[in-house]
Structures are given as structure tokens and as C-alpha cells.
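Some structures to go through are shown next.
What follows is subunit A paired twice: with subunit B in the first complex and subunit C in the second.
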Partner chain A sequence: MDSLSDTIWDVVICGTGLQQSLLALALSRSGKNILHIDPNEYYGGPEAAFSLQEAESWVATLSDPTNQNNAGNGGVFRAASITKPEATSPALKFSRSYSLALSPQLIHSRSELLAQLVSSRAHRQIDFLAVGAFFIFKAPEDLDHKAVLTRIPSTREDVFLSKAIPVKAKRGLMKFLKFVVDYDSEPQTEAWQPHADAPLTEFLRKEFTMEAELQTYIVTLTLSLDGRISTRDGLAIIHRHLSSMGVFGPGFTAIYPKWGGISEIAQVACRACAVGGAVYMLGTGIKSMQTGYSAEMELELELTNGVTVKTRRLVQTDEPASEKVVVSRLVSIIDSPLNSLFAAVVEGAQKPAVAVIAFPSGSLKTSAGKTWEFPVYVFAHSSDTGECPVGQSILYLTTPSITGSKEVLEQAVQSFLDAVSGEQVPHGVYQLYYEHLGGPAGSRTEGQVFKFPAASPSLSFNDSTLKVVREAWKEVLNEAATGADYMAFPDREGAVYDEEMYD
Partner chain B sequence: MAARGPPGARGMGNRFAQFKLVLLGESAVGKSSIVLRFVKDQFDSYRESTIGAAFLTQTISLDETTTVKFEIWDTAGQERYKSLAPMYYRNANCAVVVYDITQASSLDKAKAWVKELQRQANENIIIALAGNKLDLVTDEPDKRAITAEEAESYANEAGLLFFETSAKTAENVAELFTAIAKRLPLDQSPRLGGRGERVTLAPESANTEAGGPCAC
Partner chain C sequence: MADYGGSQHGIARTSRAQAQTADQRKLELDRIEKYRDLENQVRSHHAQGDYSPDVFQLTTRLLRLNPEYYTIWNVRRRSLISGLLSKPSHGSAPSRVSQSSSPSPNTAPPSANLSPSFSAAIQPFHEVPTVGRTGTTADSRDSASPIKEHGEESTENEQQRQQQDLDILVSELRFTIPLLLEAPKCYWIWSHRSWVLQEAIGRLQRAAARRIWEEELGLVSKMLFKDRRNFHAWGYRRHVVDQLEGPTLGGISRVESEFEYTTQMIETDLSNFSAWHGRSKLIPRMLDERGADDEDRKAFLDKELGMINEALNVGPEDQSLWYYHQFLMLNLVSFVGRATIVPTFNLKERITYMSREIEGIKELLEDYNNIKLIYEALLDYTIMLCQLEERQPDTSERADLAVWLQKLRELDPMRNGRWSDVARDYGLQEKITTPAAIKV
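On to the complex of A and B.
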């Protein structure tokens, strides 16, 4: 067996987050010598999914100031803690019956990611689940009423049938939905381009005379973290949302991979690259790097396990950008299946495994009594996701990170549970809190080192991620990169597929 | 394509279940050869070491109405690939841990894999222990380094299925996989029967067309 040091690697990929893993998938049939390492003892980097035990050691590692491996996440997480109310913790099941996703993201049906997973045949290893309804939390009008969740109508038929929207308001909304269909062509562009950088809410008010409540519906569909998305970005996301509706089946616009979302895609991509002959090492990072070691300009990398390897290229993740976005995340395990959230939206449709609930800006208060000026998003996952045992469910909450975020998220869990339950209010039996850094940034190339931007804490998958993966692929393959065969592979020999058996 | 049943095979009352299986074990104990025998009914004496991992599928009929499809992940046994294993046993329904009955150390390695599976894999994973290269001791009993009794008593203790196999002569290979299939909870197959809750990544319009005149 030739040792790691004797091989001259074509590329060393450091980190197994989605970007690096997709690069591994893209290179899996290239015949290149690939060494894929990760300083963490688990796959998935910032997109990992954890058992309870793994979550515990992750929190311990993050809290340890002497640990060098914190950089293995690209330094994107901080302030992590776990809370288990003693009275309810017996409800917690076996550690490995949970798979808590660090960065859960919806994937719109029209996302190029899904097209690439299909053309690369990686989709065969993934079970995709439907993302169902989007709800808005409505605080009670007075003490005699309960808070309620109102489903956001997301097609024109839906709007027509909705009882939650006054007839007068429907007209404006219908007009807007029609406008979005081809918002990016004449004459629609004339209407929005002057407002491109202004908040979407302002545009909706001015151009479609929408009231605050309807604006909230629209902004919620964008999953804008601070609720202040620009008209340009907002229209693009709403367009993606509406055009994705029904693509893979009636009633849903996005999908979620079973067993931990993006983390599952990362692992499937790594497996594909391993089948192609790549070497994988967990718990191994890069200690130091020397450039220009030989005439062929190979990099010499000293790994944290003491081995020194030579490579033509190195691909790794950059530090988070300076103008970073910080969000607070809370993962809460609930001792109830919350069935009412996961009903099929349309008759004959797949039963969704994910529901989205938004607390609009201003609907929560901090413990100090101050109004929370940002939205709080809740992704509710049923046990169909494989992320929790049957009979339970998981809530993933996100809001911008400022003083009081944690308390607001905890309060949101309680308000949400009160709103969805009847006489018996379910409990949160486990809580994982952390802060997630990321931000707008592009890739960078420094000599033979390619740097991916730090993963963004966005709630839906953004296709711009694919662009940087493709840049990295080009960088590694050099002139051999033609582009026509990017991520397009036949099935491997020996694997027989018979889709008709599932239909 | 050969493994595919006739189109009508999954009619009323027929059951189709699909499971993920992973092979683990020391280098050169014959993991890939067992898979090759099971999937293609072939044997190759000079098979090269598996690099990384290989993926294959095979379908077997348990009885007239029950079909089980295995998605098989055959991993490389070499130490340099050991970080791969967690990706393969994650969500695996069953595992075959292979050792070579003529190499004493290979059973120790197998025991280490069983331990790791019991610690890290699915709670309900079905594990089978396979002592391979039975053909080598048929003519030369002296070559045997591990008695069947020793391995079997370990397997019983650890709650594993146990077979001594020969990928070369095919002895017990089909039996091994059939025994696993029989122990799997068929009703809990992640992809049992109909379309379930899984989304198929084909545009809805294409799905409708594929339905043809029989729009049931």
C-alpha cells in the first residue's frame, strides 16, 4: 500500500460541508487523485446532522477555548448550549434516533441543485420529502382568544378560496401573483426596478396597495431573516417559490432530504467520490502549508495527524466575511407528533414532513418587554424526516442574533405550542441553542488554494452555492474542464434501478 | 437489468421491500468476492483491492409474493479508508462483517467492527458475521485458524447471524443474504410497496404521462 505521503494528490479538499462535498461529487469520475479530509470527527461541516450524543460533544468542543478544531466549522458557530428540563427528559429516546440538523434548508423544486443531483445520479441515494404549508402566527386579539396559525395561500386558486383574506385585499394579492410570474421582463421591470434596493414591503404597499398583513404573507414566503429583504431579492425568491409549486407533485414548492437535510446530500456526494477512489480521513485538518516546494509548484501540507502530503491544489473554506450575518438558532424536540401541521395541502398529494411557521416582525416581546423587531421562523419536522422517533417532532427556530434572541426563541416555542395544541399542551423535552455566522462573500483563489465562502445561514438553498462549486471544479480540472459534462454521469455498473417499482 | 422481475410482479398482495446493506471487515478477507458471487454469481481469484467503496444492488425473492432488494455498499478494508465506514453504515438496515477463517487477526478486526456498529449504527441494525474462504480448509484443514465453534459462540453472544462462507464455491453465500432478508422487518422498509411519502424527482407532467391510459 502506497502511503499518503508518497502520492502526489491532484487536490486535497478540506472540510465535508455541502460545497466541498458537491465538489467531490463533481470530481468523482474525473480520475483525479483526491484526498478529502475534515478536522471534525463527523461529516457535513456546518451542515452536519447530529445524534444527541454528537450534539453534546459538539457543544463541549465549541465551548473549549483551547480547541483548534473550532476552525473546522469555518468558525461559523458559537455560544452553543443544551437544556433538558428534568421533568420531561425521560421522554427523550435513544441518542441515535435523533438527527438534529445544524443548518436546515428547504430546497425549492426548481433549484439547480436538484437537477445536478439527478444528472449525477446521486439522487438515487436520497429520499426527498415534501415541504408542506407555510403558516403565519397570529397573536390573540384579547385574553378570551387563543393565538392561531393561519396558512398562507400560495397559489391563485388558494387565494381565491382563502377565507382569511378580505375580498378587497384579494384583488391586490392576485394582481401581485400575476405580476411575479414574469416580473423580470418588460413591462414589469419598469414597475419594480426603480425600487430595486428599497424594502419589498414598501414596494408592495406603493404598487399593490397591500396592507401590513398581506405584506407579511409575502415577506414570509421569502424567508428573509430580518424581514427587510430588498425588492430585487424578494421578487426573485417569490418567483422561485411560485414557479416551483407543483413541479414534483401537487401542493408543494420545496423538498427536504430525509435524515438531516443538506447533511444527507453532503454524505451521499462524499460516498460517490469514495466510489470513484478518493481517500477520506475524518479528524484530520491542516496544520501548516508550504508553497512552491518543488519545480512543479506543489503544495506541501502538514496534517494534524503528523503526516505531510503533497498536492497540486487545496480547496478549503474561508473565514466568515467581515460584514457577516449572525443568526440565533434553537432546536427543540417536542414530545408530540404535532399531526395537524403535516396534513397534505391538496388531496392526493404527498404527506409533507416539514411545515414552516413565521412569527412576523413585532409579534413577540423580549423578556424586558421590548417588541421584537424581526421575524422568527420555525421549521417543524415530523418523524418522517428520520430526525426524531415516531410520536415526537422537532422545531428549528431562527431569528437575527442580538441581545435577547435566545429568550425570544424560547418564548416563540411556547407561543407556538399553545397555538397548535388543544387541551394538552406538548412540551419541549430538549433544547439546543447556538449562534450561526455567515454572510455574503464570494470564493477566492490564492495561488493553488481555492477558498469557498463560509456557508450562509439562509433558510432556503441558494443556487449561488453551486456557482462557486463549479468555479472550484474548473480550478482543479484546469483545461480538462469542458463544462458540457459537469455533474452528468451514467449510473455505475452493478447498480440496477427499477423506479417503476415505486410508482 | 437481469434482476428485475416481470412488470406485473408487484401486483395485488405482493410485497416489495428495499434495504441498505453495508459490508465491513479487514482487507483481503473477501468482502467484494462475496458481493460479486451474490450479485453476479461470479468469482475472480485475482481481484484487486477495492478502492474507496463500491455500490451494487441485488434483488431476491423470499417467497412467491415477497421481494427484497438490497442496496449494497462494499467498503474498502484497508486502514486508509476507515473514515469512510460511518457514511455507509449510517441509516444502514443490515451489515455483513466478514473475516477470513484462515487469518486469526481478521476475527479481531471483525469484532471491532461489530462493536463500532453496535455503538454508532441504527439501533435495529441486523448484523451477520461471515467467516469466508471455507474452500481453503476443505482440502487442507490445517489452514484453519478460527474454529466454527469459536466464531459461532461469539456471534450468539453478540446477537449476530453467523455463516461460514466460500465466495469461490458459492457455499452459504445466498443463504447468508436470505437469512438477513428473513430477519429484516419487511413492514418497515423505508420504501415498502407504493410511492409512500417519498417525492420522485421527475416533473409532475412527466409522471402523469408515464401513467398512460391506466390512470389508476
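On to the complex of A and C.
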């Protein structure tokens, strides 16, 4: 403990969420004195993945009224609860065989994040899985029919094979897909920039005479939480979706890290920084902060474990701003592998571990009978993700949080299971519900404290997160930043893989 | 691995990042010295005509470092024939062991001109009579092909020999796999595989040989999965299928499964010219083998037209799709002395089909009005229809042709000469309205 107080830290990073962890990775070869702490007893912060035991503790902590600014959550989560249909469900395996992701996100293949993980060599410790098809839930026409999951076409071959789209509509869809591929250049920009802030659905209707059903397909591809994404933002995401198609293998456009998604990236990043000499302390937060010492050390921090440390800089996360986004999330463990969702799209291609299903706006009703005006997104994860045992699967549902959202999510689980069932209807054996607050403010600096914005709950990774991490990196390194390569490192061991061939 | 020299058609292979630090440079120089030493050892054994198992081991190490060194592949094959593979039992086929004085197609001397063309590289190994489609003929010396039929002498020794040979041949195939992963287009690796496959026919029971060739088909499918338009792989696939269908390996037709394979490839990627082409080549034989009657054939044509029109609906800019559509059209109009899909169609039926296709393509113009291939197709088919009916274009057709020619002048001004010729042939006015159209 003495050496902690004696060292003058170059930076103390508080919190091991993705942003802080990526900063740690970026600094892992800098030779700086880094102390990385987290008030939680786990890595990952808002992007963590929990065993069943950890989920229970977390829910208990959130529900405890004496925990005001509780353990590192900083106002990001609330209203958490766990439901099990039977008190001790026989299907539930032991706690550590589950890894429930609090912020499941898919990462498009062309995301800058992946490029950085590769250039920093962190990718070697991550198992990437394919995200497969996107589906739309179509309610049954009448009681004699079942609900259907329709694949959303996003390539020319998908459109060719689709039996659900009329001939002329297919041509319109192809014209739109070609438009998006080049949406950044003339003359496409002239066509959409006047409508940049209008909803994407309007743009599709006016400029491409697209019917409502096809509009829904397109908006679903953007994973827009409220279904009202702007033309500017929507085109950007669809462009990313299309340009990522097939990059790492035929038939898929995005990947998902095994063992808990983003939380795995956070852990790998922290591990890299620890190897680089950083000190890690979980279960430790900041009790108080004093400024204005000598010019050398700007901050004195009293940690929750009683130790006082001196540091030149502190990096932490802001609370969600007043213009926050709130979503309701439901995590449901299912007693079936749901194999039909995870079939390889192209024969011989990698089997996907994640499938995306959307209930379009207006396809569900609240228990009061009112039409639910937002989409509900379902991320289905197979046991290949390592997040549940073989023979089971996990559904992660998301929808904007207003009155009635919890019941709508529960209803969505039921409708979904009815749609995918074969002879037997699968059951949910465990359910975790919570509300997730975030964004959208930018970063800010107060003296020697750099604050990351509270991450906006998003279903696909947004590269703008990376800009903020780089800002923080520049501030920590100061002048040293100008010469250095960002997130570009050689392999540590100087690994030579085929030496033995020469002997 | 394959960073030491080696180019393909004059284009250098991409090599790994070069050494940066002094330490890494020293490491590289050490590696180069070890390589040169290895190479010298092999060459000196070879110069003395020594192809013992030791030399075989040396070739293993050297080829791992440089699979493109084709001389070493030859040394390896000599080593296999002169030692590791069994000698044939006395009195049967002429000895396959090559004396260093008598060159055989299997062990070409280092100076042999194995031509860069891949299919030519296979030619020397075509010793077994095929079904005749490829046109190769059996070398008379090998007409006493040592394919062992069931019922011939099969002593315990014979079985043991074959088992050993099988193990060695399988091990050779396995040896090439990691090399192929690094250098999938290296001709010398493929020619070694071809050689092994031919040896399989020569040395093993039919069932064992066929299994090896079937696995080869599996490998080709994997290659095509990785690179769907690798036309070498398609050619090689045809070669493997030909052998599997031929009498030496069992003679069962694979036309249905090959046709289905082209369907799968097309559904994966519409822009696969090789798949469409392969499909067109399989159709006449497939319909014959099915014993298709007139009704079946009409149904088949309807289905193919349906499929290609769905494809053109989403990919009208794709030339491979138009080639296939044209293939189907030619089945309707160019039927004299050719095995077409619907040989018994009468003139009226042909005219009906052609007119319907032309109307269908016109619909594409509603949404795609700047794709030259559509206008070209309309032009060509209208002219074809007129020729079929042995008449000149009528008034409305001439008006259409004029409009399409104008569009073609805009979209494809490099071929203005051709568009002018067509206009002249049909007495159409040349309406030059845009400066871009004036190109002499």
C-alpha cells in the first residue's frame, strides 16, 4: 500500500467500462504510471457481463435504498429485477455457466474498433463470432396461422432469393441499396442532404416510392431504438452495414466477441495494460478529491480503501445528462438452443452465434390494448457465445422506456417463442429486467479531470466512441502524443511462428 | 514461407513485412543460410542420381520453405517412385520405376518445359483413357493400365503393397494442404496433387482410388468457396468430375449434382460467369439422361427463364446474367443441328416466347433506364425475332429501335460505329442530339 501513495501517478483511471478500458489499451505501451481502479468488484462497468450470482448481487445493490450513488453505477441503471417462473428452475445450470451481457452490441466488420484491436494486437485474445441474419417478426394473419420471421434482404442475392417482395418493389430496393453504397458522393448527396434531419422513413417514401413494409426492413437494419432515425444517421449506418457485408466471411456483416461481447474487449484491454505495468484495483472507488497542490501533482485522491494517491490526471465517466436516453432491457434465458435461428447463411460459411429479430413499431400491444409505437429488438444468442450452457440460448430485448415497456417486452418474448417453436414451445427459465440510461453529451475536461460521456445505449457499436478515447489519450500523454502511433503496437514477444522449420 | 522469390505471370507474390531491426535482419540472414544449405544438399544428391529416403526428407523441409521450386518437386517424385512407393509385381504393367536414362511423363527432368498454363501442366499426367470428351487419348504404352479389377490376383502381399501405397499417397496429399493454404495458386503444388491422383488410379483398387478422387472434389469445392470465380478451379473441377464419371473410377453420371452445384454458387453470388457457363454446358446431357419429353423440356425452359429473369430484375448491369439469358434465347432461335432444350417447338411457340421475353425486358426500363446492356438485349432480340419470322421490323419496332440506338449512343459512345451500322441496316434516321454522340 505504501508504494501506491508514494508513486506520482501519471493517470488514475476510474471505471473499467469500454471507454476507460480502450484508453488503458492505448496507454499500455507508453511506460506511464497508470493506476486503474473500479468501484465494482467486476470489470466492464456498464458493459459488464454477469454470472447469475453477480446479477443477483447487482440487482440487490441497485434496489438497496441506502445506496444512493451506488457502486460505480453512477445513475446508469435502475429498476432492476429478476424473475424465475419456478423458484428453483431445474433447467438453470450453475451460476458461472452464464455470462449475461448488460449492453449487448454487435460490431460491424468495417468498424474502426476492429481495426484498432488488430493494430494494437489485442485481437489475438478475442474470439470473434458471426452475427447472422436480421429478421422481421410478422404477426399471424389470423388464429389459424403462426407468426413468421422474415429475413431482411441486404444483398443483391438476398433480394433475388426473397419470395416475400413483389418484382417491381425488388427493383426499388436494389436502387436504394446502390444509392447507399455511394451515398457520400455526388449526385447522391444532393438527393438526401436537404432531408438530412427528416426521418429516414419519409425519405424512403418520397424519393424511392418505397412501401411501408420495405421501409420497415430498411429502418430495422439501422437498429434505430425509436424507429425514427434521421436520414443522415440512417444512411450512415446502412452504408456501414452494406460495406461490412462479407468482409470476414460470406453471409455476415457484423461480429460479436465470445464470452460476453464488449465486456470481453474491456477485459482484454485491461489485461494488456496490466502487462504493460499498470496497477489494477477492483472494489475501489474515489471518496474525495483535492486539487491545487504544487505544479507537479495536481490531484490528491482519497480512495475508498483508505489509501491516498497523487496523480497528474484523473479520467472517469460523467453521469447521464438531462437529455438522457432511457431504454428498457430484458434478458431471458431460454431452455432451447433455437437452432433454426443460427443456420449458416451460405453453405460452408461460419455458423452465426447471434441473430437479430425486430418487432416493428406498431406490431405489439400493451396490456392495456394500446399499440406500442416503438420497435422491440431481440438479440438471440446461441450457446456458442459462451454466455449460456449448451442446449440453451439467451434473448436480449430492448425498447424505449415508457410506461408499460416491461410488459411489452415480456409479451414480445412470448410471441417470439411461439413463432420459432417446432413441436414444443420453448420456455423462458430466468428473466432479468432493468432500465438503462445514457448519453448523449460529449466529453468534458475540468482542470486535470477528463470525463467520458455516459455511453448511449446502442445496439451496434458506434465509432464515435473511439474519438473520445483518443482525446483522453492525447490529454494524458501531452507532448508525447504527437510522435506516437495511436493503438499501433508490435507483438510483445516478437513472436516468430515458423522458426522450427529452419532447423 | 513462400517469400523467397517466386512470381506468377510476372506479378510478384506479396511477402510478409520485411525485417526492421538489426536483430531481425541477422535472423533473416541466418534463415537464408539455412535455406541455401538445405538446397545445396538436395541438389548434390540429385546430381548424383541419389533419391534415397534421406533425400525425400530433405525435399519435405525445402518444399515447406519454398513450394514453388518445381525442380525439388520432381526430385521428390523420383524419390517416391524409386523407393517409397512399391514396385509393381513382375509380369504385369511395364515397370513404372523410371530409370534415370528413360524419361517418363511422371518424372520430367528439371529442364522439362512444364508450361505455365495450368491445364497444359495436367496433360502429361493424362495417361488413363477418359470418356473422350476432353479428347485425350491413352498412351498405348499404358493401355495395360494397372487398375486392379476385383478378381485379379490379390495375394496378401498385394494387399499390403496397396495399403502402403495408399498411406504414402494420402500422406502426400496431406503434405500439400498447408502449402496450398499459403499459396493456393501455385501450379507446382497442384501438379503434384494431380500426379498423386493419377498414381492412385494406377496403383490402388478402384474403390480406394475413387475415394481419393471424391475427396479431391471436396477440396475443389472448398477452393471455389474461398474464391468463387477462380476459373482454374472450375477447370480442375471439370477434370475431376470427368475422371469420376469415366470407366476407370466407376462411371456414374454426376450431371444432376453438378447442376445443383451451379445453382448453389449462383445463389451465393449472381455474378459468377463460370457457374452460369457450367450450367449451360450441363443442360443438354442432363435433359437426355432424365429422358425428358417435350412437356418436361418446356417446363424446364420456363423454370430457367423464370430464374434468369428474376436475376436480371435485381442485377441488370451484370453481363454474365445477360450471357445466360442469350444462351436460352439462342435455344429458341438457333436450333438447326444443335442439341437445344426444346427441339420440337414449332415456329409459333418460338415467336411467342421471344415476344414475351422482349416485353418482359422492356419492363425493366421502368426502373433501370441507364443500363446499356438492357438496350443491347432489346436491340439484339428484336432483330433476332424479325429474322426468325423472316421479315423486316414493323413501324413500331423501328421506332423502338431508333430510341434504343439513341440511348446506346449516349451510354456506349465507343461503339458508335456499330450503332450507326444497325441504324443504316434498318433505314433509321440517325438523331444526333448530344455532343457526346459525335465520335468518329
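In the analysis below, the second predicted complex is superposed on the first by the 482 of 503 C-alpha atoms of A that agree within 3 Å, B and C clash if a C-alpha of one lies under 4 Å from a C-alpha of the other, contacts with A are read in each partner's own complex, and residues count from 1 in each chain.
Keep in mind that, in the parts below, a residue touches a chain if its C-beta (ideal position, glycine included) is under 8 Å from a C-beta of that chain, and two chains touch if they have at least 3 such contacts.
What you see is a predicted model; the values in this text were computed from it and never measured.
Visitor: Is A:386 contacted by the first partner subunit B, the second partner subunit C, both or neither?
Guide: first
Visitor: First (subunit B), second (subunit C), both or neither: which does A:277 touch?
Guide: first
Visitor: By the touch definition at the top of the document, which applies to A:484: first (subunit B), second (subunit C), both, or neither?
Guide: A:484 contacts neither subunit B nor subunit C.
Visitor: According to the stated criteria, A:172 is in contact with first (subunit B), second (subunit C), both, or neither; which is it?
Guide: second
Visitor: With both complexes overlaid on chain A, does A:156 touch subunit B (first), subunit C (second), both or neither?
Guide: It touches subunit C, and subunit B stays clear.
Visitor: Of the two partner chains, subunit B (first) and subunit C (second), which one does A:250 touch, if any: first, second, both, or neither?
Guide: both
Visitor: When the two structures are laid over each other on chain A, which of subunit B and subunit C touches more residues of subunit A?
Guide: Greater contact footprint in residues on subunit A: B.
Visitor: Report, in rising order, the residues of subunit A that make contact with subunit B in one complex and with subunit C in the other.
Guide: Common interface on subunit A, subunit B vs subunit C: 250, 496, 498, 501-503.
Visitor: Please name which positions on subunit C make contact with subunit A in the complex.
Guide: Spelled out, the residues of subunit C in touch with subunit A are 1, 27, 30-31, 34-35, 61, 64-65, 221-222, 225, 264, 267-270, 310-311, 313-315, 364, 366-368.
Visitor: Sort out for me which residues of subunit B touch subunit A in the complex.
Guide: It is residues 1-4, 7, 10, 16, 39-40, 51-59, 69, 73, 78, 80-81, 83-84, 86-88, 90-91, 120-123, 190-191, 194-204, 207, 210 of subunit B that touch subunit A.
Visitor: Residue numbers of subunit A touching subunit C in their complex, please.
Guide: Spelled out, the residues of subunit A in touch with subunit C are 156-157, 159-161, 167-168, 170-172, 174-175, 250, 346-348, 496, 498, 501-503.
Visitor: Using the touch rule from the top, collect the residues of subunit A that touch subunit B in their complex.
Guide: Of all residues in subunit A, those touching subunit B are 1, 4, 42-43, 94, 96-97, 114, 117-118, 123, 127-130, 246-250, 252, 255, 259, 267, 270-271, 273-283, 350-351, 353, 384, 386, 492, 494-503.
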